[in-house]
Amino acid sequence: MINVGVLGATGMVGQRFIQLLDKHPDFELTTLAASSRSAGKRYEDATNWYLDDAIPDSVKDITVVETSVDKIPNDVDILFSSLPTKFAAKIEPQLAEKFIVASNASAMRMEKDVPLVIPEVNPEFLDLTEIQQKNRGWDGFIVTNPNCSTIALTLTLKPIYDNFNINRVYVSTMQAVSGAGYNGVPSMAIVDNLVPYIGSEEEKMEIETLHLLGNLDGLDVKLPNFKLSASCHRVAVIDGHTEAVFIELDENVDIDSIRNKMANFKALPQELGLYSAPTNPVIVREEDDRPQPRMDRNADGGMAVTAGRLRKDEAFDNSFKYVLVGHNTVRGAAGASVLNAELINKTKM
Amino acid sequence: MINVGVLGATGMVGQRFIQLLDKHPDFELTTLAASSRSAGKRYEDATNWYLDDAIPDSVKDITVVETSVDKIPNDVDILFSSLPTKFAAKIEPQLAEKFIVASNASAMRMEKDVPLVIPEVNPEFLDLTEIQQKNRGWDGFIVTNPNCSTIALTLTLKPIYDNFNINRVYVSTMQAVSGAGYNGVPSMAIVDNLVPYIGSEEEKMEIETLHLLGNLDGLDVKLPNFKLSASCHRVAVIDGHTEAVFIELDENVDIDSIRNKMANFKALPQELGLYSAPTNPVIVREEDDRPQPRMDRNADGGMAVTAGRLRKDEAFDNSFKYVLVGHNTVRGAAGASVLNAELINKTKM
Amino acid sequence: MINVGVLGATGMVGQRFIQLLDKHPDFELTTLAASSRSAGKRYEDATNWYLDDAIPDSVKDITVVETSVDKIPNDVDILFSSLPTKFAAKIEPQLAEKFIVASNASAMRMEKDVPLVIPEVNPEFLDLTEIQQKNRGWDGFIVTNPNCSTIALTLTLKPIYDNFNINRVYVSTMQAVSGAGYNGVPSMAIVDNLVPYIGSEEEKMEIETLHLLGNLDGLDVKLPNFKLSASCHRVAVIDGHTEAVFIELDENVDIDSIRNKMANFKALPQELGLYSAPTNPVIVREEDDRPQPRMDRNADGGMAVTAGRLRKDEAFDNSFKYVLVGHNTVRGAAGASVLNAELINKTKM
Amino acid sequence: MINVGVLGATGMVGQRFIQLLDKHPDFELTTLAASSRSAGKRYEDATNWYLDDAIPDSVKDITVVETSVDKIPNDVDILFSSLPTKFAAKIEPQLAEKFIVASNASAMRMEKDVPLVIPEVNPEFLDLTEIQQKNRGWDGFIVTNPNCSTIALTLTLKPIYDNFNINRVYVSTMQAVSGAGYNGVPSMAIVDNLVPYIGSEEEKMEIETLHLLGNLDGLDVKLPNFKLSASCHRVAVIDGHTEAVFIELDENVDIDSIRNKMANFKALPQELGLYSAPTNPVIVREEDDRPQPRMDRNADGGMAVTAGRLRKDEAFDNSFKYVLVGHNTVRGAAGASVLNAELINKTKM
């Protein structure tokens, strides 16, 4: 068993980390770090548990430590980070001197020697960690996962990109409120309403998606030839991002062939049998009115993305459209970091 | 004063008709028609009033009549129809033998001699009514307005189309539940959820929008050179459709120029000073997080469409994006028919 | 293994039955009955699966049969019924000639020889089945469970009633929309709104609760000495009924003592170790702002009721108040019938 | 015209003040005060306008001043306060040295010489202002209105209390999120959920209601003989508090007589024809499923309370129950202060 810890343990994503790590076959959750306000308390007393399922017994009595290098026990190997961006930018590099940091924070994602990875999409980017360690003289390293809406989209794009020539992609999102943290979206903004704006979200989707589908060339990433435009919106859904996707190819569209490639897509995590890997990263549904967030977000424990309404776009040549739903705090956040760590554990430790 | 009636008077859109016609300076609402179940009752007893504002005193005591030609009094001039499609297909032509029918139903929209009109967009299509009367030997005629999501979109596209060369349009909608009628969307489908499908809605948007922007050539409509692709979704909002729009032009994008054309757009209803015409058909807001349905749907009595987040699309050349909100049962339904009738009253009667 | 079937298998409660019976150690679900429209189809094709968790593989290929006596295979022992009241009134007696019917329908609840049972509250009422069989000459029998809001309330009242003298009870409910079935509550009625009325619900709570706490005396039930008044309301929650309870005792209130009785309450299902029995029928929480339906409805698999805000009522002598949350379609419907069947299986078969 | 100002002008209740004072026949809104962060800015730039109706043109260009005695112009006569409790406790007494303060804050409500007033219920309490001025040596004075849920309840209790002998009252509330301010209730707490707790709300209802129905005796209030117990809960509604009320009288219940007393209740504001006074303070509806917050909160401009489901309580002798809806930020907050000021203007200035 590998000892692991969670940074930002009392927050929304921190709680998902704890939920996903409970009874994990390879990782033993021994350390919970949070702000100084929580430090010294039993985890159950320090946290306001938000999730539908009860707080696991195994963490209730863990004493929360402050998030600083000297407070993390030396016998921890991997730290899962859901720290706020600014604090992550400062503390994650300090922690990486000693520990492996699997981070959901955006702070380090665009550093050239820090891999931004989805295990089904670009596992080879993990090799950057060796350069990272050498460059920076660290014993540990940082690996990051993309933004929640990017992960769900990119998992569906990967089998298309691998098999067809994409010309352009438009995506319009309807995102869950949990993505903004417990206090992120006031109820006054979302009951009988929606908010057509999420700060920096469109930029992240437009940059990260192409980065993930690119080819690593030394420290550089050779980006794909297509571009992507996003419009991002917050709706009255607790968990589960929905995205409407329009794609133009450089070739004729055969919907059956596209469906087959998506539905049969498997990759390294499936081959390696990683514990948190979904059987199928993309589930394709045939009903007219699916996917729906309440019914599809928990597919395969929340680690599979569900696509539906796959159809030809009669308006434009070589074009098709679909809708996807992915669990934003499982596959799109905590689960993404955990899967990264499982891949590291299997291939790098 | 012109005597008018409402068909489908107890339904959602029927109630909006009543609300908009209350205290109208030119139209006197004298006739309310509904199913045989309601016929013979006082309107207040026959209806389950759904709107936030109280039922107008002026209609409470009107005795509901059945929706059939011989039950509509002869002194009525204009009938507003919010009948279900199938029934409208049968009864509207019968009624048009005697009456002017301003219809929100989709049944007759695509008949060649039946004008599909937004007064700010294609008022000249009203001339088709003369051909319609001659062809069919009717004393009255039918005029229709487009689907709710089409109206809001087309009002924002018109000033762009008139001033720039549009290449392609993608639109992803987040539509209010009132569009489906009071019993249309179960709460189980929309609380902590959304439904990524609205039957026939995408087809209507893709066809009607181009039709409205086309040029009338005899009975034919010469369509614009661009195409439009829609993806339509239902969200937990009572009233107000939100739409994310992506547009590619055939030329360089100057956002200030586009904003000016949208914000300063005025057309025939504004010139004629029609009673229900908004001062500005399109209101452009500058805040990051607007428009929002709860706050913007009632702009100018629900008759103006609000656009916001107007921005360059950095992913593609000659491209920009914006978000719009329009009131689906006012501007997008009852208000659309009423404005059509006001235009007819001013120019054809 | 005992073969069991579900009547009304495609409905909301029917789906919960299927979910709860999947992988049950004693019951094998072999028969799914529904309307003639569904009969003959594979269950997966016949149903529109509404639940958050996926449809169990074990039922996908079962061929749905029509709900009639001759279509139910003879090797079935227990039928779980979530039939509509009127149909249940007609068909359940027919089925009970051959089968044990564990019913969630209200039709037969008030028949003198039909036990209305919560296993933790009045398991001895099951003895009525012997009289029922003798009276009616049936090989099977009918056992019923109470209405959803009654079950949650009565589970919390039982340890109070057993230990203190209750004078009067007031209860005001905030009930989930799933209780009305998938199409029961329109979204127009519940987004930014609530409905302060649920047909017959108050009467059921007021009658059933006292009945359950009464003493069986032959075929009669000697009711407790106190009365209960209910006011019932529907709110925008998918699953989980919340109830605000005011109680006046005939004696001094010692909150700690009441808390202890509720929190330590165990009964026959716990002693017998019934598979679906919660460890504690009532969980008492200490936080100011709990229980909340989204966070507490799934306590102990949805079979435990969570009480909180237990406090003295300073307005009145000998009085206290609390708030409870119970899962309306698990503990309050399908789970209630399943627990009844487990008790029958252990004690009567 | 009397010059008036609003303190806390950018908040939720502050915006309602502005909305209600726009085009007021007697009050001219000349001063808007807010925090130092907003001071010096145009009101339109300083505020994030939350209401469904547009910001009135008349206030857009008013320069916001800081909330301090020396920044309020001397020509202002009445200040409407929606300040946070702690700040109100400090600044309202300072302001009352010069100005009349009509306050929605709870800070001063329980001061013996500060009247807590609902004009329809206890207008005579306003006489306390003379004692207040004499005691404290102020040129102005403070008058307060009760908490939002108290006002709606007390308006319906007043005609009952005046005509029957009340023994006890139980009330269970379902309150709108706007009561907590724009950022008060996170969407994570209210989508598919409710919160069964509102800090200090139950205490306020239990104390203020009796105080309002009491008799003034010098500086003391002789309380009624009955007691009231409240349980308060937050639900997913934007505006409009719903309350389920259980009442026991000391005499036989005649529902028709109670209905008549409620429906025909009129008081001093109606006699004086105060501008914001509703025609009927209590509207009684007969439908099974009313009142509902979305449909009834705006009754008579949001100033009337709607009661419904008035019925005998069959569980207890001499008892009945009903449900009410009142607009929490109009009748329950800003409108309450404005009506107080109108009464002062008519009777004390």
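To keep things simple, chains are lettered A, B, C and D as they appear, and every chain counts its residues starting from 1.
Here is the rule we go by: a residue touches a chain if its C-beta (ideal position, glycine included) is under 8 Å from a C-beta of that chain, and two chains touch if they have at least 3 such contacts.
Bear in mind the structure is a predicted one, so any value in this text is a computation, not a measurement.
Undergrad: Is the number of contacting C-beta pairs greater for A-B or for B-C?
TA: Greater number of contacting C-beta pairs: A-B.
Undergrad: By CA centroid distance, what chain is farthest from chain D?
TA: Result for the farthest chain: A.
Undergrad: Could you give the separation in Å between the centres of chain B and chain C, each centre being the mean of its C-alpha atoms?
TA: So the centre of chain B lies 47 Å away from the centre of chain C.
Undergrad: Nearest whole angstrom, what separates the Cα centre of chain A from the Cα centre of chain B?
TA: Their C-alpha centroids are separated by 41 Å.
Undergrad: Please list all residues of chain D that touch 2 or more other chains.
TA: Residues 50, 189, 191-192, 236-238, 294-295 of chain D each touch two or more of the other chains.
Undergrad: Could you please specify the touching residues of chain A with respect to chain C in the complex?
TA: So the residues of chain A touching chain C come out as 49-54, 191-192, 238, 294-295, 297-299.
Undergrad: Can you list the residues on chain A that touch chain D in the complex?
TA: Within the complex, chain A touches chain D at residues 12, 50, 177-178, 182-192, 236-238.
Undergrad: Quick check: in the complex, which residue numbers of chain C touch chain D?
TA: Per the touch definition, chain C meets chain D at residues 168, 170, 172, 174, 189, 192-197, 199, 206, 227-229, 231, 233, 235-238, 242, 244, 246, 288-295, 308-309, 313-316, 319, 321, 323.
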